[in-house]
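Here the chain labels run A, B, C and D in written order, and each chain numbers its own residues starting at 1.
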Amino acid sequence: MSGTWGECLELSIFGESHGPGVGIVVNGLPAGIELDLDLINMEMGRRMPGKTSLATPRQEKDKYELVGGYFNSKTTGSPLCCMIWNQDQRSLDYEDIKGIVRPSHADFTARWKHAGFNDYRGGGHFSGRLTAPLVFAGAIAKQLLAKKGIVIGSHILSIGEVQEEPFDLRDVDFELLKELTEKEFPVIIEDKAGEMKDRILEAKKDEDSVGGVIEVGVANLPIGLGSPFFDSAESKIAHLLFSIPAVKGVEFGAGFHITKMKGSEANDGFILEDNQVRTTSNNNGGILGGITNGMPLVFRAAFKPTPSIGKVQRTVDVDKMEEVEISIKGRHDPCIVPRAVPVVEAAAALALLDLMIEKDGTGWMS
Amino acid sequence: MSGTWGECLELSIFGESHGPGVGIVVNGLPAGIELDLDLINMEMGRRMPGKTSLATPRQEKDKYELVGGYFNSKTTGSPLCCMIWNQDQRSLDYEDIKGIVRPSHADFTARWKHAGFNDYRGGGHFSGRLTAPLVFAGAIAKQLLAKKGIVIGSHILSIGEVQEEPFDLRDVDFELLKELTEKEFPVIIEDKAGEMKDRILEAKKDEDSVGGVIEVGVANLPIGLGSPFFDSAESKIAHLLFSIPAVKGVEFGAGFHITKMKGSEANDGFILEDNQVRTTSNNNGGILGGITNGMPLVFRAAFKPTPSIGKVQRTVDVDKMEEVEISIKGRHDPCIVPRAVPVVEAAAALALLDLMIEKDGTGWMS
Amino acid sequence: MSGTWGECLELSIFGESHGPGVGIVVNGLPAGIELDLDLINMEMGRRMPGKTSLATPRQEKDKYELVGGYFNSKTTGSPLCCMIWNQDQRSLDYEDIKGIVRPSHADFTARWKHAGFNDYRGGGHFSGRLTAPLVFAGAIAKQLLAKKGIVIGSHILSIGEVQEEPFDLRDVDFELLKELTEKEFPVIIEDKAGEMKDRILEAKKDEDSVGGVIEVGVANLPIGLGSPFFDSAESKIAHLLFSIPAVKGVEFGAGFHITKMKGSEANDGFILEDNQVRTTSNNNGGILGGITNGMPLVFRAAFKPTPSIGKVQRTVDVDKMEEVEISIKGRHDPCIVPRAVPVVEAAAALALLDLMIEKDGTGWMS
Amino acid sequence: MSGTWGECLELSIFGESHGPGVGIVVNGLPAGIELDLDLINMEMGRRMPGKTSLATPRQEKDKYELVGGYFNSKTTGSPLCCMIWNQDQRSLDYEDIKGIVRPSHADFTARWKHAGFNDYRGGGHFSGRLTAPLVFAGAIAKQLLAKKGIVIGSHILSIGEVQEEPFDLRDVDFELLKELTEKEFPVIIEDKAGEMKDRILEAKKDEDSVGGVIEVGVANLPIGLGSPFFDSAESKIAHLLFSIPAVKGVEFGAGFHITKMKGSEANDGFILEDNQVRTTSNNNGGILGGITNGMPLVFRAAFKPTPSIGKVQRTVDVDKMEEVEISIKGRHDPCIVPRAVPVVEAAAALALLDLMIEKDGTGWMS
């Protein structure tokens, strides 16, 4: 059903981009967690628009308010609810294009599914703004995973056709990931950042947009998270990733490329290192049979170019049922990828935390 | 949690490859459905091993028994339970390699997660054999979707580096899909079948294996299936796909390639055709904002090469904690892709049926 | 897990009595419902404290704000979120008794479960105030059920030992229930209202409290809601009822009394009335095999006396781990029963709406 | 939805009384549990018919077969599936009364809900026989709870109007419960057993039936199981209890009687005993705010008289839509209560185990 996710950790998301605000209820958190507000602010800051020329000049302060489950600076163990109030929306920008469904946006499907009663202003509940509460919840998940030494980091693998070096699947370690987390524009080969930014600015100048791929690594995961049917680690992570607007592909380890390898090349042989079972390669991306195997978990998410562009496009005014042209003049990101980095990390953190709680649940029984 | 899936249609899977059998409970089916046993048999036949030289010579009859929810040749509306009894297992084949975890298989993670108590024979609950009950349930979902004119079909897009023509995303229609369904080795360009088969037989001869990509299309879907957060059509389908053993990547529409397009190229402009809103292209693969938009739904699933190969591999005997070599001599598929076709279709059918029931649920209210 | 409920209609509740506020997210509502704000206000008014000398003089305005899923005065089909901001709390009243767990309250168990991190002020998340968002959601459910002619009504069957006439199980009809809904103190025999109120005022004078039983009827339900295992109509309704603070018993139809009848007395014989299958009696309370049978659905909920009393009680200061005496001087209801009437009705309405959506979901399939 | 239950422990039930068999899938069990087959057999034996003159002479062997999740005499951690094959059904007994819906049975509602496609033989999926797999699963839950010293026991509080002494709510201890578990007809005051049995035999002679109340106690529960909204310990237990055929009422602690007490009588004062917080009385039945408080958990379940009686009753032939008389001559229990004892205990064990797993899940986080 729309709006909720999770088995052991349960999320309930709500809100619209141009209504009072957006928010999330997080169930299943333990009591007594002093939330790392700096981390939350940092993560939300990474997602926030209006910071650089690469992104929309909209100023969303993303100020959140904890309206439940938080007392004396700690979680209470009851549902945690976070409201993020909206500011700086200009609803009039959108009123003009009410009947004109924007190509590649959810305007048409939202309108049809909800019989025209959806809040159409700026995408409403279908807006990328809904990822703000996801990043809030993900920051808490990250904090809890960090307690176990688990770190999640990522880099921008490509912007359009500009590609940087992928992770060495076997050697995605704590230090590298930590380092990436601190970068404003996370790439491994620093020179590539400039090239990618240029590509984005070029698209901006052209009133066009570009997409890209984010590659995420998770280090220090315990062995044993996930199940074969139906809650594989891949399934849980992909489920959340594919609810992020603009994601059209997800792959783990060698991903689509593994289909071009022979079994003798693709298989990750087992070896002993310091008396631990490890693999010689990591084409499976840290997951075997749906279960984490102790190697770095690596996945990639493909983001389509921002649908909102100034260039003239064909579309339909569904109120009048006639074909029209549209040129979207609003304040839009020419590329969503840099701001999406904390969102995909949040999705991974939440999925993995859910699996860790599940794994822990029967600990006392056996 | 391991074992169950679905909101409106609920699956509960169980069993092992070398125990008494495998099975599935399907909840949420209406009463009075005369199951199309021919269709079920055909779908299970497509998945069944032992038919050609391309596949394992194991003879699984996959004879199923309906042990609940079926009366007078119709569904009763109560949980439908199907048992598929095991035959022709040779457990001794596996006893020798009990401590020796097979590379790229779930042996190691299953053993660790379940503290060594997993049924290790032939993968046990982690075996590809568990896809047989999935295909059973998927055949029922297909039958019900067909009532609404919806058809699911697919072709083998690639085997190793042998690639055939992809779907024309905008023109995946009923006839094409129906035709593909009837092919023993479904490709669009018939010549490619031979080339792909050769590639598989070559791998077999080399005691090696190959992977591939399956591309699936769904025609005649209604507009409005899925939700933005968190049960997007992509999320639901990908969740099931990623629980199929060997799937390492999933993409919709133009998928990873869309990241290399500009917004002005990637966006699917809206037009009117016969007074229906359609799109000029279909790079979004029939889904916008997580919701089906009436265009053909197209996705691809990447399968890794069969992990079981005769070639010598490095691995570890985790009982003795020592490195060993392994050469897997059993009766294995050199390529799982042809037999996986009905499995990915089953996953798609089940996910879409679940979304259709959900969509229908509030029909009377508004 | 704490905080969420429902299959087809999904609730997510949050908040504390002395924090910013309480609220609820409702998923699964259709789009385009013009909420009956008068009904919502009326229902919330029935629950609201501070109205008469029978209740606590606390003034909770229960002003709610719709912060998501509502646009142009109609539901959007996206998650509906309602915030009810807190007012008129006097947190200092509670600070004094922080370590002193109030008998028959959740203070002790909340503190233990959440390791002392719970918001202890006025019960926090365990407060009866959390029933306000439940009544909000229940009012919407009532509105939707009313579209199908279904009406829910109830009367106060007993306050302490003062008992009024129970429903005639077979003849709980629309008119009677409608009438009861409009009463400020709903009883069938008007004289009993005075007697009950006297009993409450007497308890108040004594700095003591009383409990009671609420009997609820639902008329015009369709046949077929619920399932035998495990979501019987009784299970669904009882699940929600037993999450209402102070409910210690729930019974359907003749309830506990049916155990004293012979089968020949208890069984509800079937007859034909206007060519409809009806029963001669209704000891099963409108539910057979977990499924509604078209007769009036009748159940009773037992409420314990308000735990907060001025009378001196024994308890423990769990900070100091020493026994102490307590006399609770706050502004408390001497009897919660009258204000609980809309809460039990809300629970029934929500459970039944969930079952109606489920029943409707597979309509197109068979 | 019909058929599944549970959050952390997940059940999926299926089957019919006169089809191939009944069964259950249990998800969420840890690996490596050597099932206590003696306990399972004992519990299933307690439920089994055909043992004494008090019960139906039907001979159900209730032989179960583990068809998944069990290997080398231990659970594997994968879904555990148990089939109980049917024997000794005489379907012809029922064919005669196919259109004639039995009063107080599910025949009418099952037929209506499932549009006449339900398996009507002996109640089909609505039969009390479905409680056999529940008892199987419950026996495993009991075994796991026993590891923590938790014991569940019960006695027959009443048969018709014959009532025995209720539990002393505060003093339901391990020894008493253990003792009751071993009794063939569990009562505290031994003399009452004869009186109750006489009452049952009298009903049998009269071709009539009687109901009764089962009182269940649970000792040594940890503090902290359950949540206020919406998964209170009461909610979880009642949900399962109300899916047991014939249960029409459930109450905890002093139950309905608490409504007649004053707050000063009903409240359970806190005291210190051996430096542990305990209560002076236990009218809340071991649950405060939906959470176990360390006192004995006590509840009662009301069972209606067996609907199947030889006495002539009015009913309707819904095929012909005409009123008829019915006298049910099959082999039926004149009272279901004695055989229901292990069923209510199973329900309690399953609900409590689910809550224990949930409680344990976030252990590592705080």
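Basically, contacts are C-beta pairs under 8 Å (C-beta built on N, C-alpha and C of every residue); 3 or more make two chains touch, one makes a residue touch a chain.
Everything numeric in this text was worked out from a predicted model, so none of it was measured.
Distance from the centre of chain D peaks at A, each centre being the average of the chain's Cα atoms. Between the interfaces A-D and B-D, more contacting C-beta pairs are found at B-D.
For the pair chain A and chain B, the distance between mean C-alpha positions equals 26 Å. Averaging C-alpha coordinates per chain places the centre of chain A 45 Å away from that of chain D. The distance from the centre of chain B to the centre of chain D, with each centre set as the mean of the Cα atoms, comes to 39 Å. Under the contact definition stated at the top, the residues of chain D that touch 2 or more other chains are 1-4, 7-8, 13, 28, 31-32, 78, 113, 115, 125, 228, 358, 366.
Put simply, chain A touches chain C in their complex at residues 1-4, 8, 10, 12-16, 19-23, 25, 27-28, 31-32, 65-72, 74-81, 83, 113-119, 124-125.
Contact residues of chain A toward chain B in the complex are 1-5, 7, 11, 13, 101, 103-106, 108-110, 112-113, 115, 123, 125-126, 130, 158, 160-161, 203, 206, 208-213, 223-224, 227-232, 234-236, 238-240, 242-243, 245, 247-256, 258-264, 266-272, 275, 277, 279-280, 283-285, 287-293, 300, 302-309, 311, 313-316, 318, 321-323, 358-359, 366. Taken in their complex, chain A has these residues touching chain D: 7-8, 28-33, 78, 144, 147-148, 228, 356-358, 360-366.
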